[in-house]
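Input: structures, listed below.
First chain A sits with chain B, and in the next complex the same chain sits with chain C.
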Partner chain A sequence: MSYLKRTLGGPAGAILLAFFLAAVAMLVAGVSPLDGFEALFIGSLGGRNQIAETLVQTTALLFPALGITLAFRAGLFNIGAEGQLVIGGLAAGALGAHFAPATPLAIFVLLAAGFVGGGIWGGIAGWLRAQFNANEIISTLMLNFVALAVANYLVSGPLKASNASGAETTPLPASSYLPTLIPDTRLSIAIVIAIGAAIVLRWLLKRTVFGYELRASGEAPDAARRNGVNMPRMTLLALTLSGAIAGLGGATIVTGVLHRFNTQLSPGYGYTAIAVALVGDLNPLWVCVAAFGFGILEAGGLAMQALADVPKDAIHVIEGLIILVLAARRYVATRAEAAPI
Partner chain B sequence: MSSAGGALIVTLLTLTLIKSTPIIYAALGGVISERSGVVNIGLEGMMIGGAFTAVLFSGMTGSPVIGIIAGIAAGALLGFILGFAATVFKVDQIVAGTGINLVAAGGAAYALTLIYNQPGASPQVSALGNNFWILVAIAFACAALLHGVLYFTPWGLRVRACGENPRAVHDAGLHPLRLRLYAVILSGALAGLGGAFLSIGEVNIYSDGMTAGRGFIALAAVIFGRWTPWGATGAAIFFGFFEALQYVLQGHISWLPADAMQALPYVAALFAIAGLVGKVRAPAADGIPY
Partner chain C sequence: MEAREPLAPDAPALELRGIQKAYPGVVAVGGVDLDLRAGEIHALVGENGAGKSTLANVAFGAIKPDAGTVRAAGTVGLVHQHFQLVGRLSVWQNVMLGREPRRGWRIDARAGRERVRALARDNGLEIDPDAFVDELPIGVQQRVELLRELEREPAVLLLDEPTAALAPAEIDSFFKTITQLAARGTAIMIVTHKLHEVLAYSSRVSVMRHGKIVARFETASTSVDEIARAMVGGELPQVAQRSETAPAPRFSVRNLRAGTGSVALNGLNFEVRAGEIVGIAGVEGNGQTTLADAIAGVIPFEGEMQRPPHTGIIPQDRHREGLVLNWSIVDNTVLGRQRLPSARRGILVDRRSARADAEAIAQRFDVRAASLDVAAGTLSGGNQQKIVVGRSLLGDPEFVLAYQPTRGIDVGAAALVQSRLIEARNAGAAILLISFELDEILALADRVLVMYRGAIAGEFSGANIDRGRIGNLMAGSSV
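Entry: the complex of A and B
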């Protein structure tokens, strides 16, 4: 009974609530929930192509959600995964368009560029927090807007493809595409990399001294400091790594899906990923499951709009409500000495 | 040349006032909420709620005044949701505020498609026109009023005490949770008014993303202004200046691209919160559920 209560009060309850709210949103739009859900599931799981697209969305959400998981476990609110994702994608796209060597090695270079780019973007917030006690919530959010401005400027100016009508970089050479996993779909092996990253993150958090110190500085900062954890260094490392994982995700979208960089890279994956991380209970393996669930919503939402005439933005309302409900569980250890906000 | 320069400065100052106004409203909302002990990350969402609802009601009734009132009410409603969650359910305020932001942004986009059948932006509605200056003036009046209420009324003292030591407020026979709830509702109302100014004060439509992070900039203004109404107002004007500067410079400086200048207010906010090392102290119980 208490197990049932605990489950319903947590992620499972939030998901049930999500379905209920989705039904309400469909009724408001004048659509029978049965038709709406049918469209949602046919659009996301109804065939080989649909499942592939759901997994594309899953991958795009999983990377930033893992980054957020790492930061939240360290007691740091990284709300800036969106900007880190964009900068990671921009780094991969820019490098791939202009400097990529035409060898199979190129793909590793581009993914590393995304990892480093996102890491720098997260690291700025980490440095500001460690050095100046600047609140990371505000700095990561501000950096989202700065990232978009930087990307907008570069793709409409210095990095704009010479023959492109829109704002985008020169396409990557085919040699630096991520290999496709299911032929004739947009699904690349990025999903495998993402799940690998989740496994590595779980190992890092549970089985290494670094992970132990990271969790300790989130849950009991005083005790962590007294036991010799260098807190400013941990803050910098946690936000850098968090941004790097999101940035790697941006690079996989560029090398695996778009094959070039443009500023439509993300329809808000970095924000939705907050919900993914929370529904996944900040546990890397459950975050994978949650990402698949939200991947269904993202991929099915478009089908729902096309087939059942329910605006796809309903999905984002539902995601927000899930976050609101889950906020009642205290996942995130609030650091006793949180920066002023 | 000098008269052209003079005209430019007048334009810059006028624009600064206009661009500051929505940030002032939201920042004042942030001050009252945080002084009561609730961090309001949802200011952005409350501005979105205010901006959209103002357009909706102005369009339905043809009266921008009713639109403004509806915008305030929408912000207050979102404030109630956050306040209720923060007091009764003792939620993580940061997480809940993030939820409010997603609900508001998604809800406005959903409603745009549902009501007007045109995603992205609403049709034009009747707006305040030149009367928007009244709302600019009211922003400063609100700052003065909030200063008076916080520092010179018993209720203000109680709200501030809630943010420092809610236990003591409880022991004095008062209701800290009720005080916090009222403070957050008021916070939402102010942010909603700021949003309404954006949509039917400055322009006459609602478009997705029009708040562009002003709610978060307002949070930075609260810190920069050291949790005081006048301080936050001054900080909001500082950020409004950089937003205005971006428009004024666009026609005059060719080497600095427009896209780069769009980053100006956000970079200013980054520098502002980073430049305050060791100089500020948040209310002691800020963000901690009671």
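Entry: the complex of A and C
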């Protein structure tokens, strides 16, 4: 009983409930939920190409979700993974188009540029919080808009490819593409890097002194402060690293999928990733599983629209419902804890 | 509104008979009889935790006693130590809160304002009924709090530490009001530990210790000295084995300044030597927390502080500052020591040594837990404190800051914690003990510093440790 309760009360329950509510919504809209969900799963898992595309989406979500996980574990609500992702992609795209050395090392340089770019973007919010106690929820969110505006300006002006009709940078030289994992698909080895990042993050949080202090800051800030944790430094480091992981994700999209930077880099991965991190219970390995689940939704959504005539936005309804159910559950849990013993 | 018929002078206004109130693990009030007469100002004094506030709340009716009766000749009012005002409401709205005059279904603002104005005038309290409470200085907020109780025309008025947050000038005007009130027949009881105020304004004094009234005096025929002795108990402290301490100073502060307001430190100078326990005695709120925060590095300070690298810290609040309640005992064992070479292997937390340390603490401190992997939050307060103290003493720290190390734990656990502190001292640790329990200071300390209003008011060591004089200094009177 208690196991069932725990499972259903947890992320799994949230997902089931969200799907149920989505089915109700489809019924109301006059579509058979069975047809809808069938299209969703055929479109995402029905063949080699579909699975590859699902994994592309999984990767795009996993990096920012891992960054968010790190920040949340430190008690910092980084809502700015979207901006950090874009800046990371921009850094890699700009460098790759104009300054990249034509050696096999180029790919490492571009990924590092994404890591640093995203890190700076997260670090700004970290510095504002550490120095002026500026609420990181607001600053990271606002920096998303700044990031998009900066990227828009650069790719429609200074960095715009000379022969491009739209707003995008010059394509990368093929030597700085991330190697493809499944031939003739968009899936690169970025998925391997992402899973590697998850494993490293888990190790960092669980085993290292830094991870110990980071978790202490998140769980009990007063105790951490009083027991030797330099909180301003931790805030700066955590948000920087959080942004860096998201920025690395942006760089893998540029080097592995688009092979150039444009502002359609992300359809909101950085926001969906918040739900991914929460569904994964802020545990790096479960976040991988959650990212796969959301990857199915992202990739299958188009098929659902084409095959079952369910608008792609229905996917966002499901995602939104999952977040809502999770948030409600946390709220109820907090209130139950707060009740007098 | 009609004025209450005043009671005849010296008529009984409040009778407490056989009041008892116990909380899990502690008897707050253990059988108290107390009478208040109309027109008197009665002081109830005692150390922290003596049961004064509990008794006041029983008299007020906020706490139901386990046994005993309360009889009052009219309404009983209580002014809390911590103000219970609504900051965003005006003065008159606060005073009339819950008893607003009405006209039909609306609040009659004019009548409310007039009522408060009249009340203030009658009691000689100067106040603007339309001012917002959170814009008023503390002393004026106190008047609002007082007016709110006076509005109910109490026959008995209880004041819990009424001057704790007031400046000296505000204190004088406050007592002027109180004296007038008493002259008009209200029975007043002031719960306090400020003995000079007791002497200056009260007519009778009752002294509480360990939940009982241990002495009663007519104020006219007693002294601060006599009251202080009764407060802390006349008996001599049980002497721990104190050997001569080594001369090497391990911790020192010179001209230490930190914090603001009434808890600011005004240039402290002292040192703690190896093999010595220095006790900081004092009533809560005289800067002890500021000192602990400065030593823990949580707040900035001015002046010099010499603190050895291996320092163990026992914070005052184990829940909030000492433990990560969701973490296991093993994980909590590392907290505060995570950067020490003995607790890590390179950049990694040494989990094997953490477990060994946790086992050592569990054994040395008799921690009762199902396993070392249970969350610290599931343990009893005593067991939690044992982990915090045990952790701070691991690996023979050179200096230990112990802030209220036995706060709120049962007698057995407290004795164990105290013994371990003495053992650490005997092994050469320099220990700074901050405690609000004078008994604890006297039982453990080789040297006692009395802290009053952010300064060291006196120092005692060895045979010169004198409970009565320490009590006086704690209460702010010079010896």
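Just so we're on the same page, the second predicted complex is superposed on the first by the 325 of 341 C-alpha atoms of A that agree within 3 Å, B and C clash if a C-alpha of one lies under 4 Å from a C-alpha of the other, contacts with A are read in each partner's own complex, and residues count from 1 in each chain.
The rule is short, and it goes like this: a contact is a pair of C-beta atoms (placed from the backbone, for glycine too) under 8 Å apart; a residue touches a chain by one contact, two chains touch by 3 or more.
Quantities reported herein were computed from a predicted structural model and do not represent experimental measurements.
Q: Quick one: chain B and chain C on chain A, clash or fit?
A: In the superposition, chain B and chain C stay clear of each other.
Q: Based on the superposed arrangement, let me know which partner A:212 touches: chain B (first), chain C (second), both, or neither?
A: Touch status of A:212: second partner only.
Q: Given the touch rule stated above, what does A:296 touch, chain B (first), chain C (second), both, or neither?
A: It touches nothing on chain B or chain C.
Q: Quick check for you: in the superposed arrangement, does A:107 touch first (chain B), second (chain C), both or neither?
A: After superposing on A, A:107 lies clear of both chain B and chain C.
Q: I'd like to know which partner A:193 touches here: chain B for first, chain C for second, both or neither.
A: In the superposed model, A:193 contacts neither chain B nor chain C.
Q: Of the partners chain B and chain C, which touch A:29 in the superposed model: first, second, both, neither?
A: In the superposed model, A:29 contacts chain B only, not chain C.
Q: In the overlaid three-chain picture, which partner chain does A:225 touch, first (chain B) or second (chain C), both, or neither?
A: After superposition on chain A, A:225 lies in contact with chain C alone.
Q: Touch test for A:246: chain B only (first), chain C only (second), both, or neither?
A: neither
Q: Decide which partner touches more residues of chain A, taking chain B and chain C as the two options.
A: B
Q: Touch check for A:146: first (chain B), second (chain C), both, or neither?
A: It touches chain B, and chain C stays clear.
Q: Closest pair of CA atoms, one in chain B and one in chain C, after superposing: how far apart in Å?
A: 5 Å.
Q: Sort out for me which residues of chain B touch chain A in the complex.
A: 34, 39, 41, 81, 85, 89-96, 98-107, 109-110, 112-114, 119, 212-213, 216-217, 219-220, 222-223, 257, 259-260, 262-263, 266-267, 269-270, 273-278, 280-282, 286-288
Q: Please name which positions on chain C make contact with chain A in the complex.
A: Residue positions touching the partner: 296-298, 313, 315, 317, 320-327, 331, 334-336, 338-339, 344, 347-349, 351.
Q: Touching residues of chain A toward chain C in the complex: what are they?
A: The touching residues are 207-210, 212-213, 215-216, 219-220, 222-228.
Q: Please output the residues of chain A touching chain B within their complex, sorted ascending.
A: Per the touch definition, chain A meets chain B at residues 25, 28-29, 77, 79, 128, 131-135, 137-139, 141-146, 149-150, 152-153, 156-157, 271-272, 274-275, 278, 311, 313-332, 334, 338, 340-341.
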